[in-house]
Structures are given as C-alpha cells and as structure tokens.
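Heads up, the next two complexes both have chain A, just with different partners, chain B and then chain C.
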Partner chain A sequence: MLWTKQDDIAFIGDNFESLKFVDNEKLPYFEINQNELLPFLKEIKENPNLQFKMFIDFTVADYPLHKPRFQGVYFLYSLILKKRICIKTWAENERLPSLTGLWKGAKWAEREAYDMFGIQFEGHENLVRMFMWESYQYYPLRKDFPIEGIKDTYLPSLNEKPGSMPSHDYEEYHTAIPTMEDLEETEKKRIQKKAQIVLNWGPLHPGTHGTIWFLFDLEGEKVQNCDIILGQLHRGVEKIAENVTYTQFIPYTDRMDYISAICSNVAYVNAVEKLLNVEPTEKAKWIRTMLCELQRINSHLLWLGTYALDLGALTIFLYTFREREKIMDIIEGIAGIRLNSSYIRIGGVRLDLPEGALDVINHFIKDFPTKLEEYETILTKNRVWLKRNVGVGIIEEEDVYNYGLTGAVARASGVAYDIRMIQPTDKYDEVDFEIPLGTVGDSYDRYLVRMEEMRQSLNIVKQCVEKLEKLKDDKHIATDNPYVLPTLDETFISIESMVKDFNLRIYGEQAPEGEIYLSGENPRGELGFYIISKGEGRPYRTRIRSGAFYNLQIFPELIKGRTIADAVVLLGSLDPVVGETDR
Partner chain B sequence: MAIMNNNGIILTTAEEVLSWGRRNSLWPVSIGLACCAIEMMHTAASRFDTDRLGIIFRGSPRQSDVLIVAGTVVNKVAPMLKLIYDQMPDPKWVISMGGCASAGGPFPTYSTLQGVDRIIPVDVYVPGCPPTPQALLWGILELQKKIKAKREGKEFKEIPIKKAEPSFPINK
Partner chain C sequence: MEELILTSIAIGIKSVIFIIGMFLLAAYLTWIERKFAGHVQQRPGPLHVGWHGLLQPIADALKVLTKEDIVPSGVDKVLFYLASLLAFVPAIMILAVVPFGQPVNLFGFEIKPYITDLNVGLILALAFGSISIYGVIFAGWASNSKYPMIGGLRKAAVLIGYEVALGFAMVGPIMQAGTFSLKGIVEAQQGLWFIIPNILGFVVILFAILAETGRTPFDVQEAEAELVSGYNTEYSAMKFGLFPLAEWYIATFVLSAIAVILFFGGWNGPHIFGPISPFVWFFLKLAMMFMFFLWVHWTLPRYRVDQITELAWKVMLPLSLLNILVVAIWIMIFG
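What follows is the complex of A and B.
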C-alpha cells in the first residue's frame, strides 16, 4: 500500500502552520502540533478530494528523554486515494485531544493508551482502564516500568513443599492480584445502572469465546446499555516485544491469535523483513501463502463449529472438528507442531516441505468441498438458523469506517477492504481469487461471506500446490542474507554459519533505524504491526493493531435495544479471539 | 479389591465403589482461558472423544469435580478462577494444562500469574505449549491413578526429584 505524501494533501497544507512532512522511505509521516490536530483530521476526513474516512489505528510511543515525553501516532485510510496516512503529534503535558467525536473507533484505542501510558484524553466520554483494573497504580508500557512488574505481594506456591527443590525457577513474591472489591469497582466505573438490572456475562463463561466480560443493563429482556471489560487475557505481549529479539518474538505472535497462528506469523515476519530489507525465497513465499490459506480454512471451521454450537447445533461442531483435525495433521506434518507452529522465519520458513506433504494437501482439496456442502445443507436454509441470524446486528457501511472494522465483518457490509488485494504480500498478487461481499451486513451475511471465503481459500491452496510441485528443489530460506538464521545443517558444516547463528541469536538482528507499519489479512481482520527500530537488536516499540479488538468494539452498539439471546449470535458472528484483543 | 464368590455376589467396600465411580465420571468445568482451550476442545471433540472415559464438560462449577485450567491465568482473572474453584463441591481436583498455567510459561510479565498453584492446589501438571490432546488425556489418566491410589490409603507416588550434584570434567 502506498503512503500519503506531501503532494497528495498539498492543497490544504497552507491552512496548518505546524504541519511538517517527513519523507522516510519506509513510512513517510506528517507531524503536527497538538492544538491543530483535531481541525487537521476533520479537514482530511471531510474533504471530498481526500476522504480519510477509515480509522485504522491509534497508538502511543514513549520517549523518556524527549520533552514532551509521549508521541501519539494515528493511521487512517482514504477511500478515494487508496492510500494510508500516518500522523504524529507530541502529547504536551501528557494530554491529547480525544478523537471519539470524529471516529467512534478511537474510544477503546484511547482507553488503551490511558491504561498503558497514563495519557489523559480531553473529551473522552468514559476514560477508564482498558486491560488492568481500576486501582492498579502503574502504567506498564512506559519505558521505566520493568517487564516483570513490581513484585510486592507474598504469594507462595501451594504445591511446593518447604525444603524440597522447587519444580521451576520461582520466587515467593509476586505481582499484586486484584481483590473482588477491585473488580467490582472496575465494573461500576464502566456502566451505571439505569434500567432494572446489570447482568454480568463472563468472564469465565462457555459462551463468551474465551474470557470477555460483558455488562448488560437490562430492562426485562431488552439490553439498554452495554459495555465490555477486556484484559482477562492481557499478557503484556507488547512489553515482551521490546525485550526480545525479532526472531524470538515469532512464537508470541502465534500465541496471540492462536486459532490462526500461521497468519499472524506471516504478518509479523513480513513487517520485519520489510524493515530489514530481506527478500524471502520464491518457494518460501508460496509455502507461506498456502499455509496461510489452510490456516484460514482452519480458523473459519472453528468459528463455524463454535458459532453453531452456541446456537444449539451440536452436530456441526463435531463435523467441523473432524475437518480441523485433518488440517492440523497437515500442519503438524509440515511444521512439527499442531496449533502454535512458529513455522515462519525471517527470510523464509523453518523447514522444507516434507515428502508427500503436497499429496496430502491435494487429497484434502478433493475431499473438503463435499464436506463444506454438507455444512451448508444443514445450516444455510435451516429455519432455526435463519430466524436466529437474519436481520441481527446490521452493520452499516458508515459504521465500518467509523469503527475501523476489517476482515469478514467489513466485507459482509459491502466494503471491499481486503489486505490481500490492496496490499498483496507474499504471492497474493499472483494467485487468482475473489472477495465475497455481503449486501445487508447482518449476522447471516457474515456467515455466508465466511463460507464463501473458505471456498476461495481452497482455490488459492490449489494454485499454490500446483506451483510448489514445480519448485521442489528450490531453497526454502534465503540464508545468504546476513539477517537470516542459517539452517541446522549449515551451522554444523561451516564455521561462518555457526558464528552468524551465534551472533543473531545472542545480539539479535541489528535492524536499521526506522519505522514500519505493515499488515496482513488475518481471518479476524487486519493484523498490523507497527515497529519502531532504534538500530538495536530489539525493537524500540512494537504496536499490534488487532482486527478482533476493533471488530469487537461495535458489539455494544449493535446489542442495544435487542434481547439478551441475540448477544450470543452477535458475538459469534463477530468472531473475536481474546488472545488478540487483549494481547 | 472386589471379591466375587461362587454365587455371583460381589463383595466390596463403599469406599471402593465411590472411588471407582469418581474416577470414571470426572466432570470438568468447561472454562477455556487461552490457546490450551482449543486443544481441550479438540480432546472433547470427534477424534479423541473424552466421552468414552466418562468425561463430560459441564457448564456450571456446581456440577463438576475437575477444573482443567487451560491457558494463561492473568492476575485479573485469578480471583474469579479461585471463586469458581471454591464453588465446586468436594471432592475436587485440578489439572493444570500447559506451561502458562503451570509456571507462567513464556510470559514472565507484570500481568501474568506465575503458576496457578499460587491460588489453588494442583493435582496434575500437563506440560506442553499447548499440550496435545494426547497429553491432556495422559493427564486425565494420571489423575484417575491418583484418585485410585488415595482410596487405597497410599499417596500417589511421584517421580523422586533428583537433586543436582556438582559435575566434574571427565579426565581422559
């Protein structure tokens, strides 16, 4: 994707004195003073020649030695120019204006910035902690906060016996754990009881797809108001990213969105490769594309199974898990691990395709369409299915831009926003596929779009297999590049490779100074990685733009005025994964 | 320790019957926390099918006797997990599934609980990140052995920990 440059917005540039353009090669950005930020954003959003209507991301970076200390970074997307824009502004006195008046999607991103950095937002409707609880005193993503936290609570293990050797390396002191009163206070700050009863749904409930905590203000059966408490799976992935090397962070990316691990790997590795100017080999690109699409089918199958299970169709759950086992066997055969495979490496993939892998995939391609038809026969025209899904949670096109919705949720509302098309990475520009679009934007459309996506993914896999059969003898990883880890064989044979391996593993990839924002099309939406490098072996800051995080944000809006039973349908059709929303 | 006599009458103790029943009808609470929950679902679904071991996932802690802690326990969810454990009727057991639940796993951070055994006692630790369904089934079978051993009055034998000894270089 192209980035907006000076010429594109030259005709409004004179109105803003402090507007400054920095032409970096990888990420050109605009810098503007804080007091002119809101008028500038309003102008580029509403100007008919620009139309930067789609909210992509907002984040903050911490520079302790700079004054002012925090810098806000905004990413927007223009529908006309088909370009992104990156805008930066320094937060004077640790305050920033709130964007919630312009884009509703900024609400949670600003809460997150407040939670992690302690920045106040002027004009935010309800600025509370996003991931941590209310009485938590620290701001974890600040540079002066240690990754392991402040260990001030005596919390010994109940299983370790005194005198015996502990089974793992552990300390008796631990970071503070909230009490039930703390959590109650967190809940009360979110939602004020106006109707009859505040109903808690979650955080540990089989229907919430993980650990999301919903609060419904109910009038009878109708939901009057709703808010969501996240952070029940906040593991501090962004903080970890600052403390490990680029290669070491790859396993964390698949533990974020654990249902589509390889897609997350590929999105991250692509961003790092662009930062390091590494070009993966041809074969690796095809393998990545193929595995991404297999993983997409895998992910959509889990969605279908659990979605149907939530609506009472247990059969589908058992059927889709039968198919999932097949895909996971394929992935296990290729990568060695079933679920969180960490198969992708900088410059290629970890191992070459084993013998017979393509035959197994070919067999799966032949077998799967009949299975897909089976699911559709059971569901698509099913009366119960139609009654539960049609007309539930209609998302307008305007809302897609407003909330920054991506993935199948956006496409079901008729917005053709697919990263595979507009910014093709790997081999997506060479394969032939279609983007299914919905018309109404309700749950049923989202169901249809995802079902069609599985067919398209299968089509892509087929093309990749055909291509890979011709590339049998190629190299799977570009080890000639100084940033790429050598393979195990090379390490044992040559001393140069061994030294290189040692250096890369101990000191990390010494990335050139600069910034990068690159995203990939995950089954859950756009997964973007914004990496700031200061020329060290570790990134200075890694921001993860999660598709599920933004998609979930529209849930309170959609459930208002509907019955409590629709909550299950809506949540299932938005398909969030908590590992990615909370990071 | 059941004895069958010639007339087809089985003689046993009440304890024996209870223990047999308990270990063959372990009902876990269906709580998924993170990645391990997906593998837990796979264990329960078509291929591995825990129903044949008498394991049926229940929606309520009041009806369950096993808590499978599947995934990362973060500080914020820890009090609620303890609440669920407290709501379960006795006797109850806990299986800690995966590296995160056992010891914090790959997340030694400010927000992660470094081992679920800091808030609730754990009976079986299943290693892996995430453990495969086979590994979880091993954990469940191990728990059944533990329940059986307890009925017979002996503690389930753990593998003795070998203390590290100083090693000396080999002289050739």
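What follows is the complex of A and C.
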C-alpha cells in the first residue's frame, strides 16, 4: 500500500496533540489542527526517518454546512518510505498558513485555492488570482456558485434595437468577462517593471504552444524577472466534474491534456474504478497499457517536433509528424477518433480491438526504431543542438522535490519518480521496462530522457501485443459488474442490461461514500485524481493534480538571468500543455 | 558626348534587363527553395499551380501585391517605408558589379554580361551589403513594437560581427589577383582556382553568407518561436514581401555569385558547352552554392544570438586573419 499509516509516523505522534489518524481503506489520512499544521509538516519533511520531501498536491474541499467551512488537503511523498501521505486540516476563518516557506511548489496551488475558494494564505508572497482575472468577484469552485455562472454583466445585443421585438432569446445579462482594464490590472499585479522593457509573450504567440501569457522583464535580452498568467484556457473542468456523472466526465479528461488523451482517460478511469471497486477485464488492462504507451510515443513525438521547430530545425517537425500520423491512424482504427478518443470506459474499454489492429502495431514496432535513429542522427550530436541545450535550465534534485516536479522533468534530474513503478496500475507490474534517468538535469538531459522513454514505451507496446495476441477471445469490458455500462449488443438483447444502462446513464454510478487519490504517469508528469464521493451519482469534489501545472511553475525561476532565446528551449523542455495546466 | 549618351542608354537598358531578370529569378528561387525544402521534408512542395507548381511564384507575387497594405498607427512613417526599400535596393545594386561571363560577340555587337566593371567592384559590393543593415535596423526601430526592435538589434549585432570577418576573408583572393575588380579576379584564376590556398577564407565566407542572409543556424532576427517574425512583424503586403525576397533570395544569390567568383574561378571551366560554356559553368557553380545554403537551412537548428557573435569574433575573425597569412606565404613561395 502506498499510503502512510499511523505506525509509520508513530514515533513523532506524541508531539502533536491534535493529530488524528483516520484509517480509510482507500485513502487513509491524518487530520491535524491548523495551528499545528506547519510544525507537523516541517517535522515530517525534515525528520531523517521520514523525509516527506516531495510536494505532490494541495487542494481544498468545500463543505458549506460544516463549520469551519473549508478543508485543506495536502499530499506529500516520502523518498525513503516510498509512500504518500494525506493530511487534512480545517481552515478556521477561511485562512490557512502558507506552505511556501517549506515547499516552493505550494505557491501556485495556494493561489489556485485562493482563486477558486477565496481562502487567504498567511505568509504567501504574492497571493493573486491564478486563473481568473483580478477584480473578478466570485470564487467559482465554492458550492454556492452555480454552474452556469452569475450573470451580472450587462452586454446588450449589437444588432437588436431597443424596443423592437427580439429576433431570438438574447439575454442581456451575461457572466463577467475581463475588460482591458482588468487585464492590465492583472498584469500589474503579477510583475513590476524594474528593468528596461516588459515583453509580452502571449496570450497568443507562436512560442508558447497554446494560450499562456508570459511576462518578461528584460534588460537588453536578459530576463530579469518573469511571471506567467494562466487561465486563458480555464474551463472549470473541476466544477464540471461535480455536475456530471463519472462516465460523463471521461470526455472532459480528453480535453485536458489533448496531446495524450488516452493517458488522461486511463488515469481518471483507474481512480474511479478503485472508488467503485470495479475490476476491469484482463484484456482491457492490456489494451489500456498498450494504448497508453502508444499515446506516450505520440505525445513525445509531438514534443520533439515542436521543440526542434522552436529551435529552428524545421525539418524534424515534419519527420516526427510522419510517425505521429501512423500512431494517430492506429488510435483512430482502434478507438474511432484520432485525438480526443474517449476510448476508455469504467470496467474496460469501449470497443474490442478491431481485426488486424495488432498487425498494424507490429509493423509500427518494426519500423519505428530506425526512424528514431534518424532523429537522433540529426539532433543528438549536432553541435548547434548541443550549444542550445547543454547547461540550459539546470534543475537540481532538491528543486524537483521543492516544486513537485514529475515526469520526464524529474527523471532528467536523476529522481526515479515514475508512477508506473511506484504504484503500477493496469498491467505495468507485469511488463518489463526501464526508467531512463538524467544526471545533470539540463534541457539536453530532458531531451535524452524523452528519447529513451520512447524506446522503452515501444518495448512495452511490444510485450502488450504479444500478450494480446493470446487473449483474442476475451471480453474487453467487465459488464458483469453493476457499475459498468453494458455494451450496445447486450442492451439490445436483454431487458436487464437495458434497465442497467438506463439507470447508470440517468442516475450515474452510485459510488460508495469515500475518497480516493490515484494518479497515472502521463507524458507530462503525474496526473492525479482526488475524488470525494458522498454516495451520489456524481462526485462531491474532483481535484485534478496536473503534472504540467507543477512543472511549469519552475519556469520563472529557471529563466532568470538567461536570454529570451533560452525561454523557448526551457519551455520546450518542460513541455506543458495548456489544456492541462489550466484545466 | 554622343558616346556618353550611347553608353548611358546601353547601361540603362542593361540595368533594366538585369533588374527584371533578377526579379524573375528571385521569384523562381522561391520556387526552388520550396521544392527543395519540400523534398528534404519528404513532401512534394508546390504542386498544383502550373506544372509541378511552376506558376506558384507568379501566384504568390500576385497575392502579395494585391494584399491590403496595413501601416500600423504609431510607426515612424518615413523610416517604415524607407526600411523595406533599404533592405531591397542595396541587395539588388550589388548586381551592378557582378560579372556573369566574358564579353561575347553577337550579331557584330560586343555584349558584356555585366553592367559595369569597376576596379573597386568588390569594395562596392561590400559597401552595398553594409547599407542593407540599415533596412533591418530601421524596420525594427520604426515599427514601434518590441519584437521587431529586438529582431532588428539582433540582426545588427550579427551583421557587424560577420561584416568584419567577410571583409578579411575576401582579402586572400584580392591579394592573389592583385585587383578589386571581380572580372579581374576571375581572369586571374585561369590556372588554379583560389580555393586552394584560401580554403580557410572560403569557410569563413560560407558562415558569413549564412549570417548575412539570415539563414538557419543564424536566423536569430526572425526566430519565429521567440519573436513572432522578428523585424518584419509589423509589415504586410509587398512591403513585407520585399524583406525575404531581398534577404533570402537576392542577397543569397548575389553573395553566392561573389563567392563563386572569388574561390571557384567564376565562369572558368572546360569549353565543352560551346559558346555558352562560361555561362553554364558560372550558373552551375552558383546553383551548387545556393543549394548548399538551402541544404544547411533546412537541416540545422539555430544558434543563440550571443553564440553567433561569439563565433564571429572568436573563431571567424582569427580564421580569416590566418587565411591572409597563409595566402601571403603562398604568394611568397609560388609568386
């Protein structure tokens, strides 16, 4: 079990009076009073026998009827115990102590909690909105905030004359939108001009690969200060999750990290399955593992192409897209949709593998290593490539823990943190693969790690295909389970299945009361889902721990003192996807 | 007096022919580049307008000429207009001193395939090349925008470094030929091409041309991932079109021609194509040179601007000086 229990920290338990342990089966957690929180966290971080050094996540849950109303939830990871810990604390007077003194990675997570719940953090250096703009008055993730938003802004129609009969049901009041003044204020709050000019990158800029808004305070071409304004792609996915059933939420996970949709699907569905105690079929597990790894190669190919494109090597982009297209075709053949496939279902996968799918994948496995060689010949030993990458953006091992960096970024700094190893889901415990580790932690190491990861992924795909060839006649979805939607054929044949289908679709999966935190190894780091269920068909709260969000957080720190040209390299090597950072 | 008028008319006609020819050539150089890039990237390139996209440059020219010409408010109008001309005109003016072949007799007239043969031809070419820096700097400054300004300043920093190296690298062939006239330099290479003792100078020239024309390992001024489009971000329509045309095509072409003249004997070559053989040789060498730049452009990533200037001052300049020494010793030994 990956979660820390009472026994593990018993020897410091006496020092903290209010420390309580709640032994839930799915998510055992500790509860502590707010005034003892910081000393407790400091103790478990610095105690040599515990070393909960790595910051995983912080979030808040809203219980309007409870007093105090908000509960903060912390997730940490211990390096020597190889276990996570979950700590909860109630926010008295809607205030919490800031963790930024202990973990720098808490900075954005606390800003997000402030933005979404309106909780004040004592000791936070710059507590401003994370996704919404300044002067926005509401806190969207509070339970009393309606899903359709609060329509308080008067926006008259441009083509309707006053007094005339409206041609359609145009509402004059809308939810708030930021004005230019709001955006200017937002910008001012983030960064104070100290050097020569403030260069804006974004919200739409070719270098940002999405809608991130970078602010660089420049002295010549040297960046003196930098901040990032997120939220241009904020769709309130966590709010949506509270209002749809577990199955209905699957397509939204596609649209978070749209580059690696299937990995997000799998991470979410695994969490839900664990909450519902659903066991997917063997075949489904193998298919998931295989598709996850194909998707990882796909995602890394896109990363490689755009990374090289940013650095001026235009040709690599088209070379990688040539191979990416093949994976896209494979995914399209299996799932029916190329990008946002929503292929994974609770209890299995949506469709069985089509005939010949494994042959196509086999061909790809044979073909791909030579292409990988081709990219490496052009880039790996290229002098220009080395000059641009080596020594740029060195991330120390301590910073990995401090900022909660995961994925290839952490592994390039020599931290062997891979969810596939420490908490294997699906069939990762039965396949054989290695975790490539970097030594220096610069952009070049991140490049090498990702290149090697593609090889390892291919190796996993190969093992999955071998296994799947033997499981040809198995079932792809465990429809016997009461929580699993029946297949279309079953619905048409038996009345029980139809009733079950109807119930699940209308009322949702009535999950037992409880909580779960489960994460998957996305190409961009740990994608964790923290789901609180109150025994209804919809989750009470879904928190999404996004790897890209935490990985991006170190960017302003790394770019300080470097040139604008290095910003491209750094951003490319951190590889965020805005759909996931903003959610 | 009569002779002067006749010469003026002849030079005028020749200039018009050269300019029109260069425009058409530049247009088709874009086609060559797009085809070349396409095949490097395993795609066909332009294919639909005309046979294998042969009419694509015409379509592009029509498009760029008929587009709305937007001048952003807040720009320095004079410099903004001047910049696109300053980038383009000097690039095409270098043509005035580039000889494409020996004089030939056609229908009793002696036709010289060059506009003029100055005895300071090479210096004039360098001077015109330097003027085009102003185009870039003005474009960056007058646009009243941050990306163009950074792009313009980057380009200026790169050009200043490489102009020096370029100038010194040309000294070797000049020493051997004993003249600044490009025609004279070609005629001095009847026997051995100047590439033999000047190999270091040639390497420097290759780098310098890549840097001057803003091709890939050195295209920091329009690094699209960082600066959107660099110094020409605010330009549109034909004013925008002139920049790449001048920089990527005309400048690359003309500088390639100069490199061929300096190091590969210009139009010298075995007379196996009859009377047109000098032209064939010259354009063959030129095409090889041009293709080499395309090849580099579509393969390599780009340097950072400080790395480029570092390369210019710490590697290219000493190399070009070393080249002068080598050539001096060569001349002392072989005369």
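Methods note: the second predicted complex is superposed on the first by the 561 of 583 C-alpha atoms of A that agree within 3 Å, B and C clash if a C-alpha of one lies under 4 Å from a C-alpha of the other, contacts with A are read in each partner's own complex, and residues count from 1 in each chain.
Criterion: a residue touches a chain if its C-beta (ideal position, glycine included) is under 8 Å from a C-beta of that chain, and two chains touch if they have at least 3 such contacts.
Predicted, not measured: the structure shown is a model, and the values here were computed from it.
Colleague: Given the touch rule stated above, what does A:Thr179 touch, chain B (first), chain C (second), both, or neither?
Modeller: first
Colleague: Just checking: does A:Tyr252 make contact with chain B only, chain C only, both, or neither of them? Give me first, second, both or neither.
Modeller: In the superposition, A:Tyr252 touches chain B alone.
Colleague: Which of the two, chain B or chain C, is in touch with more residues of chain A?
Modeller: Chain A has more residues touched by B than by the other partner.
Colleague: Contact-wise, after the overlay, does A:Asn340 reach chain B, chain C, both or neither (first, second, both, neither)?
Modeller: In the superposition, A:Asn340 contacts chain B only.
Colleague: Check whether A:Leu318 is in contact with chain B, with chain C, with both or with neither, and answer first, second, both or neither.
Modeller: Once the two structures are laid over each other on A, A:Leu318 reaches both partners.
Colleague: In the overlay, answer first, second, both or neither for which of chain B and chain C A:Leu471 touches.
Modeller: neither
Colleague: Contacts for A:Val128 in the overlay, against chain B (first) and chain C (second): which applies, first, second, both or neither?
Modeller: In the superposed model, A:Val128 contacts neither chain B nor chain C.
Colleague: Just to be sure I read the superposition right, which of the two partners does A:Ile12 touch: chain B = first, chain C = second, or both, or neither?
Modeller: neither
Colleague: Contacts for A:Ile378 in the overlay, against chain B (first) and chain C (second): which applies, first, second, both or neither?
Modeller: second
Colleague: For A:Ala308 in the superposed arrangement: first (chain B), second (chain C), both or neither?
Modeller: Touch partner of A:Ala308: chain C, not chain B.
Colleague: Residue overlap on chain A between the chain B contact set and the chain C contact set?
Modeller: The overlap between the chain B and chain C interfaces on chain A comprises residues 206, 318-319, 322.
Colleague: Touching chain C in the complex: which residues of chain A?
Modeller: Touch residues, chain A against chain C: 197, 199-200, 205-207, 221, 308-315, 318-319, 322, 378-379, 382, 384-385, 387-388, 563-568.
Colleague: Which residues of chain C touch chain A in the complex?
Modeller: 37, 40-43, 146-147, 150, 154, 216-217, 219-220, 223-228, 298-307
Colleague: Where on chain B is chain A touching in the complex?
Modeller: 30-35, 37-39, 41-42, 45-47, 59, 71-72, 74-81, 83-84, 102-103, 106-115, 117-122, 125, 129-130, 132, 161, 163-164
Colleague: Hey, which residues of chain A end up touching chain B in the complex?
Modeller: 131-133, 138, 140, 145-150, 155-160, 164-165, 167-168, 170, 174-180, 183, 203-204, 206, 210-211, 231-236, 239-240, 251-252, 255, 258-259, 302, 317-319, 321-322, 324-325, 328, 338-340, 578-579
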